[in-house]
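Down below is the structure, laid out as structure tokens.
Going by the order they are written in, the chains are A, B, C, D, E, F, G, H, I and J; count residues from 1 in each one.
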């Protein structure tokens, strides 16, 4: 079951740099793990913004929330979820 | 080069039904042709809405506009385009 | 799997009255059928508005979209879907 | 009398962690007490967000405000209340 | 129990004038009846707009919705309801 | 001459607590004085929010601004003013 | 007492042209009368839009509403009123 | 003096096709004349939308409004104007 | 050439008071100088808000930006500029 | 391939002044380098705001994002990108 997810990152400028770097490193590792597991199906940068559009594959809303709320950057992101369905004109 | 596109369809209720059906049939055929050609990479229904999120692949903004403006439903849609870039954490 | 759904109804004033009444009668019958089947778990009127907040139970985004897009009033409604998950403080 | 309530939590990152944890623990205990008392009828997590949609049952606007303003997280939440009424198509 | 209500009137220009006048006459009579009964406690014109801010007194959300949905102009108005509570600094 | 006023209070969490309490105490005293003088005709809490809707009676825009800008909480509030006029259907 | 007023004109395209012209001619005459009387102190076109920003001088909100609601274009305009007060740095 | 101008075109679907075509032909001729005269310095299509971003060069706000309000599509467009100034980092 | 300018002031609460007072004193002196020079034609307080609506007279967008960007409060204000043109119904 | 880019700068007031100045100096140098290279085709100040509208020329969305994300002020700006296409009425 697919969900479009937009994440806008906003790290406070007074967060210590090493702390921010550590969070971002953990975020990257976690993001790549979820991609390898097939949960994070697409991950695109929004051109010009510290933001991404992603497509997640989850068995349920609960699973989706579990995946997203464990993102190391979760406390510093605004996240919007749009549930996606099969389109009648889609050939795939 | 990828673009996220959201299309919201709004067909006026006083458009004759046969005219609306003809437009929708042409839209479907055109959408499937673009998918087969590889330009319309993803096409998802927004759950609960007469709308879709799509990912287009085009060589340029001009090509993208050409593809979208020829949509038979173009006069009856609100379209928003977001240019996408490679994300540093993406593994694909 | 639960979804919060807000529906805002907007029937054009130049739709013939008997046609509007027929649609509303079919809407009511369909809404009650979905409630009896357990898909439409809650249905509340927004006080002062021709709108409702509802909670749907569906096995997937696809099933949810199928239920909503068959609403007789679907062409005359603005619908917004919010996927809901288990809350850690909920006792039920 | 029912009210739909949306709460968006925003705890400042420079609030000491132990203080934040203490507030959240008191919030959870209070939320569960209100659920057991029947005032907090539904509590759902908004998938992907530090937010919830809830349904409260209160005898009056005054009682509702009393319940909400005593939430330990009240100073750190944006709350929106929508009064709900009986829907003519609801079977319950 | 008090509610602040904002009503924005939008009568389509192609509604026959006599029909519009009849609706407005019934609206006025009904508004004055509700004021005499004590349900419509305040009725103010928003300066410069075809709109009003009102304060309603109703025993419940259901009663409020019943009062508002019977307004003859209801199909031509956008209505927003804000539930009001006792303010701790109010002396009345 | 009446004005609807909405005030949303937002006290920064890092303002010392005793300072915040002192401001709120002065706010309360001032609010009650204005009510006794007849300038602050109605004061209602917005249910669920740290906000109020009020009706002020002032001889002019200048007098209104003088009353509002002297509120001890003025630096911490977002205020919106709507000028009100006599409604033709009002019986009072 | 001064008020900033923004008026956005939106004449439906299916209003007969002669009717629209007649309304606009009456609007112009009325606007010039109010200017000569001193009520309509400033009248500026918003560059590029069928809209104006104006400054009105009225003894009360009631008088202001009376002036505005008699505008021949009133049914075809969106009007927003902002009450203005003396600024402490103004030298006039 | 430069102005950024965004124009969103919205031609009603019930405008007769030949009338719409005639307006668009006149629009094109006029747009090209203004470009040749140097007033319409840039004209870009917004990808995916029936809209453009343009840069106009005009000696004054009055001249700009004169140019824009004579656009044959003016009654069917939403226009937004942003005045531009020299940027201190611009090398041209 | 006239421009309507709205300025919303937002001085951070943790800016030292003497620094804030010094900036405001310079702002006042500069505002009065611009008024005397004829650039700042009108200066009105928005009733109830720490904001003003002003009318500036400048020979160009560049001159306008120069005037505004030198405001001592510029770093603490949100400014919106609307270019104004001669209105065909204005008698002045 | 052209993109319209709007950048709104918001430097926190508690960023040390010398640090802010250093960032702005590097921003200016980088902006001028990109202009000389032909990537930053237009750079205009939005009159009255600490913001600019720019036109970028990039071979792809990826190249565009690379250019923008390396802006020294990137962490302190809100950036919006609009992809531009050839307009059928443009003569250049």
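As a convention for this text, contacts are C-beta pairs under 8 Å (C-beta built on N, C-alpha and C of every residue); 3 or more make two chains touch, one makes a residue touch a chain.
For clarity, every value in this text was computed on a predicted model and none was experimentally measured.
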**Study point:** H-I, A-B or E-G - pair sharing over half of the C-E contact pairs
**Key:** E-G
Review point. Looking at C-alpha means, what's the farthest chain from chain B?
Key: F
Check your understanding: When the contacting C-beta pairs are counted for H-I and for A-B, which pair yields the higher total?
Key -> A-B
Review point. Just curious, how far off is chain E from chain A if you go by their C-alpha centres, in Å?
Key: 45
Review point. CA centre of chain G versus CA centre of chain I: separation in Å?
Key: 23
**Study point:** Distance from chain J to chain G - Cα centre to Cα centre, in angstrom
**Key:** 39
Point to revise | Sites on chain J at which at least two other chains make contact | key: 2-3, 14, 45, 47-48, 61, 64-65, 81, 83-86
Practice item. Have a look at which chains touch which and call the overall pattern line, ring, star, complete or other. Key: other
**Study point:** All touching chain pairs, where touch follows the definition stated at the start
**Key:** A-B, A-C, A-D, A-J, B-C, B-H, B-J, C-D, C-E, D-E, D-F, E-F, E-G, F-G, F-I, G-H, G-I, H-I, H-J, I-J
Check your understanding: Which residues of chain I touch chain J in their complex?
Key -> 3, 5, 12, 14-15, 61, 64-65, 68-69, 74-76, 79-81
Review point. Which positions of chain B touch chain A when the two form their complex?
Key: 2, 4, 27-28, 31-32, 35-36, 42-48, 52-53, 55, 82-92
Study note, to complete from the structure: So, in the complex, the side of chain G touching chain H is made of residues 13-14, 45, 47-50
Check your understanding: What does chain G use to touch chain F in their complex?
Key -> 1-3, 60-62, 64-65, 81, 83-86
